[in-house]
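The two complexes that follow have chain A in common; it is paired with chain B in the first and with chain C in the second.
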Partner chain A sequence: MTTPLARPKRKNPLARTRLPSAPPSPRSRTAQGLTAAAAEGRFTLQVCAECQTVVYPPRDACPSCLSPRLPFKDVDPCGMLVSETTVRVTSETYFRERVPWRVGMVKLDVGPMVVTHLHGDTCEGARVRLVLKLDRRGAPVMLALPEQDTPDMADDPELRELTCDPKFRRVLITDGRNAVGQAMARACAEAGATIVFVGIADQWRPFPGDAAIKAIAQVEIVPLDLTDTDSVNELAAQNGARIDIIINTAEHVRAGGVTEGTSLTSARETMELRYLGLMRLAQAFGPIMRMRGADGVIAAAAIVNLLSVYALTNWPVYGVVSAVEAACLSASQSLRAELRPGGIKVVNVFSGPLETEWYQTLPPPKVAPAALAKAVIEALRHGLEEVYVGDVAQDIRARLEVNPKALERELGE
Partner chain B sequence: MMEKSSPRAASTRQGYDGVVVCVPVSIPYRRYSTNSAHWWIGRALRELIAGAGLRLKDIDGLSVSSFTVGPDTAIGLTQHFGVSPRWLDHVPFGGASGVMALRRAARAVQAGDADFVACVAGDTNHVDTFRKTLSNFSRFAQDAVYPYGAGGANASFALIAKNYMNSYGARREDFGKLCVAQRANALVYPHALMKKPLTLDEYMTARPIADPIHLYDCVMPCAGAEAFLVCREDAARSLNLAGVRVLATIERHNAFQGDDMQIRGGWARDVDDLWAMASVAPADVDFVETYDDYPVISMMQFEDLGFCRKGEGPDFVRAHRFTNDGDFPHNTSGGQLSVGQAGAAGGYLGLVEALRQLTGKALGTQVADARLGLVSGFGMINYDRGLASAAAVLARPQ
Partner chain C sequence: MNTAALLSFAKAISSGAVRVVDLTQTLTPEFPIIALPPELGQCAPFRLEEISRYNERGPAWYWNNFSMGEHTGTHFDAPIHWVSGKDLPNNAVDTIVAKNFIAPACVVDCSKESTADADFVLTVPFLEAWEGKHGRIDAGSWLFLRTDWSKRDARGYANLKEDGAHTPGPAPEAVKWLVEERDVLGFGTETIGTDAGQAHHFVPPFPAHFYMHGKGRYGLQCMANLDLLPPKGAVIVAAPLKIRQGSGSPLRVLALIAAE
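After this line comes the complex of A and B, so read on.
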């Protein structure tokens, strides 16, 4: 049985904050195939294209037929925990600070034996299911979960180390004026966040949903304008050390392409809020979060970017917005690399058009703000790094995989 | 996993007639060393040449085993040491290095490719060497083992030991009996790093490392070197060297891929060949030097090398006494568990000790009237199991 997490006590200001240390992260290039799957919460192993042998650890030739064709494919993650041990002495600082640490060997039904981290509710000789997760350094690792869910299982220390669960964490929603920000605030409160800071620019200006958002017990309204460097820095100075998760909900959506339909002024505004706004957040909060990446059970954990799926390939109907989103996506990759030493995840959540006023003229399917919020909470709970929400996002992703050039042409028709 | 029968019948193994092993060399181990692996290997080579009564230029074959000699390999060492061999080998295969080097060198000498092969294993141990060796030991380890608690070999063998205990009813006391006996043997072996007696009670109450592995199940990493010389029997005689004869050897890698967990080593596949080639039976040997990185592996070797059947290891241990004056002298210098594990030299320790026992030159307790000895090697836990296994039956000079 997992011991439920107790609400963390107020931090002793005199006690030293535990600094982040890195779990061993070097991997072979081939093993990065697992990184891709772990980032999306899938369980893949290499499956030989010629003889169907399931292969692990990652190889460059099939051990049954020597075929070099070993694509990663989704496979059944179930098996049996054959042998377990509790590591008490280790030469790596990361684990020294976390022992005792259980690991074991799982015989997968699909064949391979897998060395894996163990959830506390697994036991030797019993059935388990493996999940692939990104560790605090962004490297893929296996974790064995009990076959059936158990009470409070998310609170298991080995699991929680691999996730960004909002429970008891403090979240900053950067813009609470829009429907997405408000849905996100509600979802975070429901997911057990202790404080949900909601940024509102120009607080004297009323906005729809104002009263409802303020009525949520965990919500604390804070002044925040992502286009204003001083505003971002001030919030970071006051509350930076109390923010474990940032969800950037700022949006600036205007239809129009590069030659017409968008003024340079509008393009600059989009860039100012979305791209430079992200940079302001990164510069003000990034260093503090990186220092707090190992600060107990409510260590700083994640920055969530809500991105248009057209960041991946431009949709000329929203040509300028797509371009700015692409800039944000590129910046997020840099941010990810910069925050990795602190164990902070950068979560990119891609969605198609939302069910909001700025996409009013578009036909369905569209993503409801509540659905987007739910997807973000799930991503945090599972420790994901890439999420595609809704039918449009899934469709774009699938078509990109098959033929990116065809997609570019078709979006331009 | 079914293995297809090979297209041709296995060839008959040729004997090692006319080849001997001599001049056992051990450079006393140190827990930590500021010197390089080159320094340790060089010292062993020097002592080997002096012990053999040879000159440096007489060495026309060189075999080197080391984990820490990088970026060099054996070829770089030829220039480093000023030797000009016409036969060269690099055998960085850990615990199987000793027997593997012996096999190769013996064939080279037998075929006339070399006259005097110096076989040397040595490693240094700087303060941070062990962690670095663990963290990039193999690609599979880096991708799929080390990130899981970074327990190194302790954690990997803990999983193997736990499974073995579950499968065959071995108890910690059984492992402890082997460790305690080895410590008794080590107390009179001058180079052993462990100088204090060990009781079963101390073994049982030692601090846990990775359950069921506790402190005294683990070897102590250290710096050191071991060496021996392989040459023709007549050459040894003319140099007045006591030459130990090689009756039989086996070597096998990545055996039993179909076993989910390692419950046996590659010896089990070739053991019949070993005893047939040696024309002796397990009961005939006077002492056994197993590769004891962990006592569970020694127990597996008793089974896989024919001293008892699979699963009878625990009973076998309960029924015998393993000190040098016992009925089954085992790891007669104390083994790595008590002497220390000097990297790849750990794979030479048993072989060098066997040479001493069979020539009546034991540095510790001499096994009475030792005529035949078995030496076994095991190594390279690449992913979930030790891949290399090797063994040799040796006989005292005629």
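After this line comes the complex of A and C, so read on.
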């Protein structure tokens, strides 16, 4: 049984904060197929297109029939834990700091034998299910979970190392003036966050939901305006060292294309808030978070970007917004690489139109703020990097994989 | 006036015989700006980005880029700002005759009334009563509305409710009277606009903008320290930036007062 995580004690201010160390990370180019699946929380292995053999570890030719056609496919993750070992001595710095560490061998029902990390509630001879996770350097690793969920299983140290669970962490919601920010604050409080800092710009301007959000016990309202560099820097100076997760909820959605329907003033506002706002967050909070990536069980863990799925391909009805979202997506990839040395995950959560004021005239399906918030919490709990929320986002994702050019043209009709 | 008199005026300033009162709010990102429905074009708030500060971006010097709208902070409204003044000659900040930037001011104290009622409206009888005490409003002078609004915190200053802003301002007849009967140079306030917060319900809407700018008069808003001015006798220096076809501009507003 997993020992439930105790509320962490206050940090000893005289003790040095240990710097993050790197788990061994080299992977072959082929093995990055596992990275893609781990980022989305899927379990894939190579399946030979000729003889259907399931292959692991990733290879360039099928060990059974030598075919080079080895696409990654979703496969059944269940199997049997045939042996386990507890590592107590190792030369790898990352694991030296975390021993004892259990590893084992799992015989998957679909064939291969896999060396894997072990959840504390697994035992030799028992059925397990494997999950693919991204480790603290973004490389894919296997973890064996018990076949059925067990109480407090998320608190297992090996699992928590691979996730960004908000439990006991301190979260910053960058904009609490909108419905998404408010839903996110509620969800974080319910997920066990110790403090939910909620940024409010222009506090002189009343906003709907003001009283309700202040009534949440864990919520601490902070002045924050992502268009104002000083405001972002000031918050980082005050609270940067006690913010473990940032969820960027700042939004500036305006319908209109690049030629018509959007003024340059409005486009600049979108860019200023969304793209430069993300940069301001990155510059003010990134270095502190990266340095706190191994700061105990509530180490800094993640920056969550809420992105429009039209960051992936432009929807001209919201042409300017799509373009700015694409800039944010690109910046998030740079941010991800820059924060990797600290083990900080950059989580991109893509959604189609939301059930909010600025998408008022669009027909369903739309994503409710509460549903988006739930998806973000799930993503953090599972340590995901890419999430597609709702029918529209998933549809766009699927069509992009099949024929991006056709999708571009269809969205432009 | 001869040169000696002008120079003695300069000496009076440096000696303190003429006091200089700063009527300007400090430009900060936090200072409230006009709140319009979000689907309309928005005036940009004040923002500051450091270029360098004795560092690798400029080892021996400190400087910033700033950005803001023409109507951010303590600012000047030119006649071209309003549709009623769009076709007047010399109606933009770059073409207004420079001598108009220096003029005396009459200061009408409505601070008590505004404290009692955020929607206080300045009327002609109120102005006539003021004239009864302090004398006729001189042609070519500013009319400043003192409300002590500049002393409020940001939320109280914007004073936004579900039906919009609630801040004091002039009645349509009062603005018309000031322009047509008293020939003032312009109208100045401590609040975000020259008009009352609820002036979109007046007839015509936004009368201080409509009548003042329609007759080529100016506006000054977001001023501070009006409580330090005498009812009459202060001379105002208010020169906006020379923006080509600018509708207004942030500026430093100074009042010169004889230190008697």
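What we mean here is this: the second predicted complex is superposed on the first by the 413 of 413 C-alpha atoms of A that agree within 3 Å, B and C clash if a C-alpha of one lies under 4 Å from a C-alpha of the other, contacts with A are read in each partner's own complex, and residues count from 1 in each chain.
Operating definition for what follows: a residue touches a chain if its C-beta (ideal position, glycine included) is under 8 Å from a C-beta of that chain, and two chains touch if they have at least 3 such contacts.
Just so it is clear, the model here is predicted, and its values are computed rather than measured.
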item: Dominant contact partner of chain A by residue count, chain C or chain B; value: B
item: Touched partner set for A:Trp204, first chain B, second chain C, both or neither; value: second
item: Partner chain(s) touched by A:Pro57 [first = chain B, second = chain C, both, neither]; value: first
item: Which superposed partner A:Ser25 touches (first chain B, second chain C, both, neither); value: first
item: Partner chain(s) touched by A:Asp230 [first = chain B, second = chain C, both, neither]; value: second
item: First (chain B), second (chain C), both or neither touched by A:Glu269; value: second
item: First (chain B), second (chain C), both or neither touched by A:Trp101; value: first
item: Chain A residues contacted in one complex by chain B, in the other by chain C; value: none
item: Residue ranges of chain A touching chain B (in the complex, touch as defined); value: 23-28, 31, 56-58, 63, 82-92, 94-95, 99, 101, 103-105, 107, 113-117, 124, 135, 139, 141-142
item: Of all residues in chain C, those that touch chain A in their complex; value: 29-30, 32, 35, 41-42, 44-45, 47-50, 153-155, 157-158, 160-162
item: Of all residues in chain B, those that touch chain A in their complex; value: 130-131, 134-136, 139-140, 142-152, 154-156, 158-160, 162-163, 166, 207-213, 257, 260-261, 383-384
item: Residues of chain A defined as touching chain C within the complex; value: 202-206, 223, 225, 227-231, 263, 265-266, 269
